[in-house]
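Each of the next two complexes has chain A plus one other chain: chain B in the first, chain C in the second.
And then the complex of A and B:
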């Protein structure tokens, strides 16, 4: 047995004339927790549903374990899915909801009972087994949906934004439970989310999808620290990265100097292996946490909104050239609203992108 | 007394009057059926119920084929209801959930057939039943009444409303189309199934003209057709006719009293679709 959990080979999907997935290759190792992120409508759900077998694959291959399941029925793929809407069967009790697949598979009564009770134990649902879904809280319904997946002992769990209907507190709690569950079951899990924090905390590997392609994949911190294009750089991290247009003015051995278009008195010295000709237009990417307020020279920002979160605050403003800037301050009550601040980037944390959006290292 | 109270009283009085007008024919039928035939036609037979004479009932029950008619009515109506519901449900499921070429066209045909007034088909259906040798049989009564597009339309609407994810959950759990229909779509729609069963049954039970056409032998008649026989065999005997009419309506009335809420629901649903 190889250690492949799920593998996609040049998978494509079109709905009539619209190409949603244009060519996705990915390999998720057995037991990994993979997270799909990307802007709304980029095809995350579609890709997940293709893995589940709920959508046909227009081209390419899907492998689960070593098995080519591209044309296999959903029930025979060894996958279980947890839907955003939970999709519990409203007319059945919690027990029967969880037992549904086992009953269809004509498993012996004793086995059904044992498996359902085992799953209920793990999910703290033992007390709720006789209730109907309508009598449960949102978090409990969520757990039943997960329980329904667990009893089938699938090779791969698929989650489509499973926590998005829960309130913030419960979401945090369920997130931890999911992490624990993953440790306990050791099964491959694929998880679609909009939530940065869920993605960063749960994932072994994140796949950033956009435009029908995987833009980048890797461990959460690798994507954060080393994005391979402007899209990923802007998508991973919250609040998102600042981008400034700049022009290369000088280059030296392993370094270049770039001048901000919006504030030409500011230029930064950046370590680079690629040698760019002076005059090349580039885009500089700087995260809000890497912009520091300075006493002397720097980028002059008029702060118009301050988001004070307690531990940190995010100052939103505009540069002289009109570009929007967000920078982070530790602590709150800085009273910067309406003032002009001078900020400087940590030059070793500046990312350089071509104007087309490719990372230049 | 405030203006509001006055208005309430006026309104209640109005409702009472309307109800009285509505119920009078029923009351009159009951009064008539409890009189002797002579009393019915005699002068001075007033509005008040002045006699409790059950001879008309006894006569009707012993001298007509009423028990046979009951059996025919119950049998054909039940068979019609069961078949209409099963076929309607399956047809609606296919139209709602399966993807096949011609699905839309098929649905348009169903909706279109809903627009055709049933009596317009009687001649063709009669010829067909006659060719099939089904005159004076249960199947002759039943077959033409099996086409009830409203059942398909109502079921389809309810099936359409079931979230797609639930269907997909069943597919992932290993179910096929039959599991989907009988373990998900149907159980989620027991209410509508009961309602549709009631309206189908009532309309089959009340159907007069078709059974009247297709049945000539007295022993194959349904109750509504049977009522006309009393006329023929006894001359116009009002007390007996009314007694028979009330006996014919009795199961429906009793059924209504038991399933009151469901019947109201059913009528509203079918009115909603038809209106």
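And then the complex of A and C:
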């Protein structure tokens, strides 16, 4: 048995004339927690539904374990799915909801009871087994949906934005529970979300999708520290990265100097392996947490809004050239509203992108 | 403005809006209802006052053989229509809901079309189609039975044929209710069931059927009430014949009231039918609800 959990080979999907998935290759190892993340309409849910078998695959191959399941019925793929709407059967009790697949398979009563109670124990649902879904809270319904998946003991768990119908507090709690559940079960899990915080906190491996392609995949911190294009750089990290147009003015051995278009008296010295000709337009990306207020020279930002979270504050403002800037500060009550602040980036934390959005290293 | 004043104004507005309806209800519904109840205890003709005779009309009814024939025919007709039309509507709704977009709208319209026809036109069409001599359906009947049948003049054929006509006529509405019910079932549930390993039949039996049950129960109850009130089709197609084999309670009431001028007796018949409909439909609805809860 190989250690492949799920593998996609040049998978494509089109709805009549619209191409939704334009060629996706990926490999998820057995037992990994993979997260598909991207803005709405990027095809992440479609891709998940293709793995589940709820959508046909237009081209390419889908493998689960060593089996090619591209044309296999959803029920025979060894996957279980947790839907955003939970998709609980409203006319059945919690017990029957969780026992549904076993009942269909005509398993012996004792086995059904044992498996359902086991799953209910894991999810702390033992008290709720006789209730109908309508009598449960959102978080409990979510757990029943997960329980229904656990009972089937699938090779792969699929989650389609499972937490987006929960309130913020419950979402954080369920996120932790999911992470613990993954550790306990050790099964391969694929999780779709548009929330990059969920992606960062849960994933062993993140796949950032946009426009029907995987933009980049890797461990959460790898994507954060080394994004391969402007889209990924902007999507991963919260608040998102600042982008400034700049022009290369000089280059030296392994370094280049770029001048901000919006504030021509400010330029940065950046370590680069690619040699860019002076005059090349580039985009500089700097994360809010890597901008520091300085006393001397720097980028002059007029602060208009402060988001104060207590532990940290996000100062929103604009450069002289009109470009929006966010920078992070520790603590609160800085009283920067309406003032002009001078900030400087940590120069080893500046990312350079071509104007087309590709990363230049 | 004070609370009391505002409340008074709200009350006035409410009274103004409800008033016309209450007035019409009183004049055209409650008063006639009261009159029917009152009439049923008298020997009054259709027009004019009668003498109070207590329960004599009801006593007479209990000894009226034709009344028992009529009741029997009513329930026979209910048996022939209510469950068949519900099953047919469900099957059509399931098939139509598989279609998409305009095609679905088109087919749905086709099934609904007979429902917009007035009963006189419906019966005329079917009387022609089933005509003993030149009806276009007679060859079909001949193929099955070996000879032409004057269906509305044959005691065995008349009720089933009226049932067929009625189902054809009213089925579209039931299909519409069923489609609405089917659309209310989220597709997620079918997807979840498919992932759980349910076959098409299991998906129907374990998801569609229980979730559609409230609509099915509604259709069954509406149909029961509607079909117990059977009159027009019988009156227009067979006049209750042959040999009273299609005589129904409302036919008898009509004859007593408007042909024999026995207003009091006809009122008593109407009251009894009313009671039967109330009892049977309440009973059925309760039974269906219990059945639904057990699922």
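One rule holds in what follows: the second predicted complex is superposed on the first by the 361 of 361 C-alpha atoms of A that agree within 3 Å, B and C clash if a C-alpha of one lies under 4 Å from a C-alpha of the other, contacts with A are read in each partner's own complex, and residues count from 1 in each chain.
Note that a contact is a pair of C-beta atoms (placed from the backbone, for glycine too) under 8 Å apart; a residue touches a chain by one contact, two chains touch by 3 or more.
Here the structure is a predicted model, which is why all the values come from computation and not from measurement.
Annotation for the three-chain superposition on chain A: chain B and chain C clash. Touch criterion met: A:152 reaches chain B and chain C at once. When the two complexes are overlaid on their common chain A, residue A:91 makes contact with chain B and with chain C alike.
Of the two partner chains placed around the shared chain by superposition, chain B and chain C are both touched by A:80. Residue contacts after overlaying the shared chain place A:104 against chain B and chain C alike.
In the superposition on chain A, contact of A:197 is made with neither chain B nor chain C. Applying the stated contact rule after C-alpha superposition, one finds that A:54 touches each of chain B and chain C. When the shared chain is aligned, no partner comes close enough to touch A:309: not chain B, not chain C. The interface of chain A with chain B overlaps its interface with chain C at residues 52-54, 73-75, 79-81, 83, 85, 87, 89-91, 100-101, 104-105, 148, 152. By the touch criterion given at the top, residues 52-54, 73-76, 79-81, 83, 85, 87, 89-91, 100-101, 104-105, 148, 152 of chain A touch chain C in their complex.
On the side of chain A, the complex with chain B involves touching residues 49, 52-54, 73-75, 79-81, 83-85, 87, 89-91, 100-101, 104-105, 148, 152. Residues of chain B that touch chain A in their complex: 163, 165-166, 168-175, 179, 184, 187-188. The touching residues of chain C, counted against chain A in their complex, run 186, 188-189, 191-198, 202, 206-207, 210-211, 295.
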